[in-house]
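Each of the two complexes below includes chain A, the first together with chain B, the second together with chain C.
Our next item is the complex of A and B:
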């Protein structure tokens, strides 16, 4: 098992390297001089050159990249141009809030998706199956930022049940597990859960449907096993694939919550990202993307290893 | 000379078979009622967007201070007006132009670029394959929404920038499918036979490979159109896609957000159109898939 983990870890290294190169290049493809955001308009050529040297912008690209990575390794992601604070601190604070949102959405989406998918796979080609299929197609087709607005219109504007913005009363940024804070989580988490419900339901439906027609299921019934026990065998066979889909979905939830965070003014990484974009704060943009992408890479690794732990057939390939 | 002599009969053979196949696919698609409905909806949206100037609509750019945020059903403004008093119906129809263009074009571009890269990687193999596919792997390390926002955010708002960033997002998945299908086909005996009878690499790819890999790649690409629509409108919604005052559904959804307390349902209309379009594209893609008998 440990050997398998090491092998996967080695395979992840080049990908992580590639991710860092792309994040580094993001700043390079940005139009305009990164200095214009911080320099006064009437800065002289010498002042600009001095500033360029301070930020290391006068060196060739590969050298800049090496310096950037060396600093990264020490946890230094540069300073935000807009706020002047270290990027690392801002990003990790925001990622925590995003993680809270993503995990809440996953806690809603995965059980519902598994339940619906299993129901549809078990009752294949019945009205139940068709209803679930319709739900999952609608789920994957809905622009969730629009769904968020619709939920705000219904539950905040018309009914006045739930708040539409922020992560706490009075725009507070400090999270607490009480109802005053948690009611702020309800709408964004439900909105974010809709797409993974559709995807998980679709996956589990296909899996359950396929496994239920396999010979071993017949054999188990034939030897007199009860329906519940047979379903446990089916669930175990489906677990590895279902787990990998859910792991990826968790990564997507974290990386894809940007639009939803914007809709609900949720103070997470997406919110930070859109601020960074509008203030042309490239170090902050770069740092946020890097952390989110590396989290996704790590998530993939965890999923791979967990999958192998559940299903011994995978390790051999 | 020998290749020139043998090439024409080889190219001539698949042509009639191809037409028969595609007309069969089309007739199977048209027999499925759900697919037919979705096809009509998408066609209606595309045609109304193309012919918007000839539909006798109001001017989508002309606002009016006293006509702001009229509700649905106002005489003269069937679907109400937006926050600047512009006619919603006209803006929605005109908005279809940019929304559908930016929502569909990246998949078309990625189909050609990714298809080319994947076929080359799959057929040539070796170092080139490693180079292309490992690069693709890196892009897979980004969730698609994040990648689109990262590139668009760095490049800045604008139609061309949105096209570029979305095309980059969709090239890797298409390349991966194209590579997988191509290396599958390459291992088949008839490719060996074609090469043994003297066909050059380009001839084999053009005549024997493309015809066999194109439909699975095409079906896969159609399944991406709905995501692309949602992403494209999402970029505009974030303010890093189409620039105002251009009508575009995602952008309209964003600017109307300030109006949800005044006129909630008018402000939800652009998003409803994105939803309907993406739903139809998804169902249409399912229809194409089953009509072409492709299993994934």
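Our next item is the complex of A and C:
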């Protein structure tokens, strides 16, 4: 098992390298010069060149990349052009917040999705199945930023039960596990959970439905197993595939919550990303994308290993 | 006849839904303790449905069952809940056609045998595992300690069928149902599995109903043969009687269609036509449309059942006046 993990880890290396190159180049090919955003309009050519040299933008690309990676290795992702603060601190603070939001959404979405999916798969082609299918299609199809706004109108504006903005009272950035902070999490987490509920429910429904028609299910009943035992077998069979879908969903939740974080002013990576884009803050943009992408890669590694641990048919050597 | 193990009386099985199928029609069948019976017939004749009805494995919502089934004195058709679970696997167990599909791919074969043993014997995991090991030995699996921890995809088809047999016999059932257990296997492995089943039957003394479409297999394993056609038993007798003196034109057709003794280049003697679709309950002889001897009487009413001797019967008007089927 450990050997399998090491092998996967080695395979991940080139992917991580590719990700870093793309992150680096993305910024290079993006239109617009970052310096024009911070330089006065009437700056002379010499002043511009001097600034360029300060940021190392005058060197050839491979050299710039090497310098960038060397600094990365030391935890230095440069300084944000807009705020002047170190990118690393900003990105990790934001990723922590996003992770909190993503994990909360996953904690809501995965159990519900799995439950609904099982229900629909077991009662295939019955009204229960159709109801679950309707729920999951609706969940996937409704634009979640719109849903977020609707929830804000209902629960914040009209009922006044839950706050609509930020991650803590008075715009505080420091998370704490108390109700004052957690009530800020409720609306964005619920909104974010709606799409993965639909996707997980659809996946589990298809898996459970297919597995239940397999011969071994009948063979299990034939040897005297109860319905509960059979469902345990079905769950174990579905686990590997369901896990990979959920791993991917978690990755999307982490990186794809830009709209939700913007709607709810959640100080997460998506929020940071959209700010960085609008301000042409290239170091910040680069750093955020890189961290998110590497997180996605790490997530896939974890899922691969977990799958191999669950399903003996996946080669472990 | 020895003490009765299986007593099926006037069994009807009908599948409802988009299309109605009268799968079993007025089937009566007896099996004594420790007897081996081959249910012989072509695909769709209702052999497997009969077995699955015996284990109550058919989907209850889409199946209508009539008649009576008693196994060892238990009224099978009224069983439910815990009693049904206790009956399945402990009293009666089943060997499936495709062992690779009938075992759960993500559990080790040892765990799957142990699971059944634990359910019925209520013993600890370790004890159940040692029972599983003992069963693997009895079905002559080499290095059983290692195999115990193997997953189904790591074993060959023949090995898997041995595991399946070990699983089926682990709780010492009184009746073993074998649903074409050799059809999915290589020819050389088929013989081994048949011989194994025969040996184990002698060792354990359980009754066996063996479903097959292969007359050779039926002769190899069984004392008695019941020939099924369109959800009914058309001929029944000891293996000797049926093979030496087949009375029903369908049985004769099956014999003639056998590959043995056919010269190269010669056309095989297939029975012309196809079995009926059974969308309605047969009101006349189901075989009449394909029968070379069919008369108007055959197409008008159900054929009379001739009983020339106890436990020998033929459902055909020609049963008493044997005519060459050629």
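Criterion: the second predicted complex is superposed on the first by the 315 of 317 C-alpha atoms of A that agree within 3 Å, B and C clash if a C-alpha of one lies under 4 Å from a C-alpha of the other, contacts with A are read in each partner's own complex, and residues count from 1 in each chain.
We take it that contacts are C-beta pairs under 8 Å (C-beta built on N, C-alpha and C of every residue); 3 or more make two chains touch, one makes a residue touch a chain.
Note that the structure is a prediction, hence the values are computed from the model and not measured.
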{"item": "Fit or clash between chain C and chain B when superposed on chain A", "value": "fit"}
{"item": "First, second, both or neither for A:236, with chain B first and chain C second", "value": "second"}
{"item": "First (chain B), second (chain C), both or neither touched by A:313", "value": "second"}
{"item": "Which of chain B and chain C A:87 touches, first, second, both or neither", "value": "neither"}
{"item": "Which superposed partner A:218 touches (first chain B, second chain C, both, neither)", "value": "second"}
{"item": "Chain B versus chain C, judged by how many residues of chain A each one touches", "value": "B"}
{"item": "First (chain B), second (chain C), both or neither touched by A:226", "value": "second"}
{"item": "After the two structures are overlaid on chain A, angle v-u-w for chain B, chain A, chain C in degrees (C-alpha centres, nearest 10)", "value": "80"}
{"item": "Contacts of A:245 with chain B and chain C, given as first, second, both or neither", "value": "neither"}
{"item": "First (chain B), second (chain C), both or neither touched by A:157", "value": "first"}
{"item": "First (chain B), second (chain C), both or neither touched by A:284", "value": "neither"}
{"item": "Minimum C-alpha separation between chain B and chain C after superposing on chain A, in Å", "value": "18"}
{"item": "Residues of chain A that touch chain B when the two form their complex", "value": "14-16, 18-19, 21-23, 26-27, 29-31, 137-138, 140-143, 145-147, 149-150, 152-153, 157-158, 251-252, 254-256, 258-259, 262-263, 273-274, 276-278, 282, 285, 289, 292-293, 296-297, 300"}
{"item": "Interfacial residue positions of chain B with respect to chain A in the complex", "value": "134-135, 137-139, 141-146, 149-151, 153-156, 226, 230, 233-234, 237-240, 253, 257, 260-261, 264-265, 267-268, 270-272, 274-275, 278-279, 281-283, 286"}
{"item": "Touching residues on chain C, where the partner in the complex is chain A", "value": "55, 57, 85-90, 93-94, 96, 98, 101-108, 115-116, 119-120, 151, 153, 167-168, 171"}
{"item": "Chain A residues touching chain C - in the complex, by the definition given at the top", "value": "214-216, 218-226, 229, 233, 236-237, 240, 310-313"}
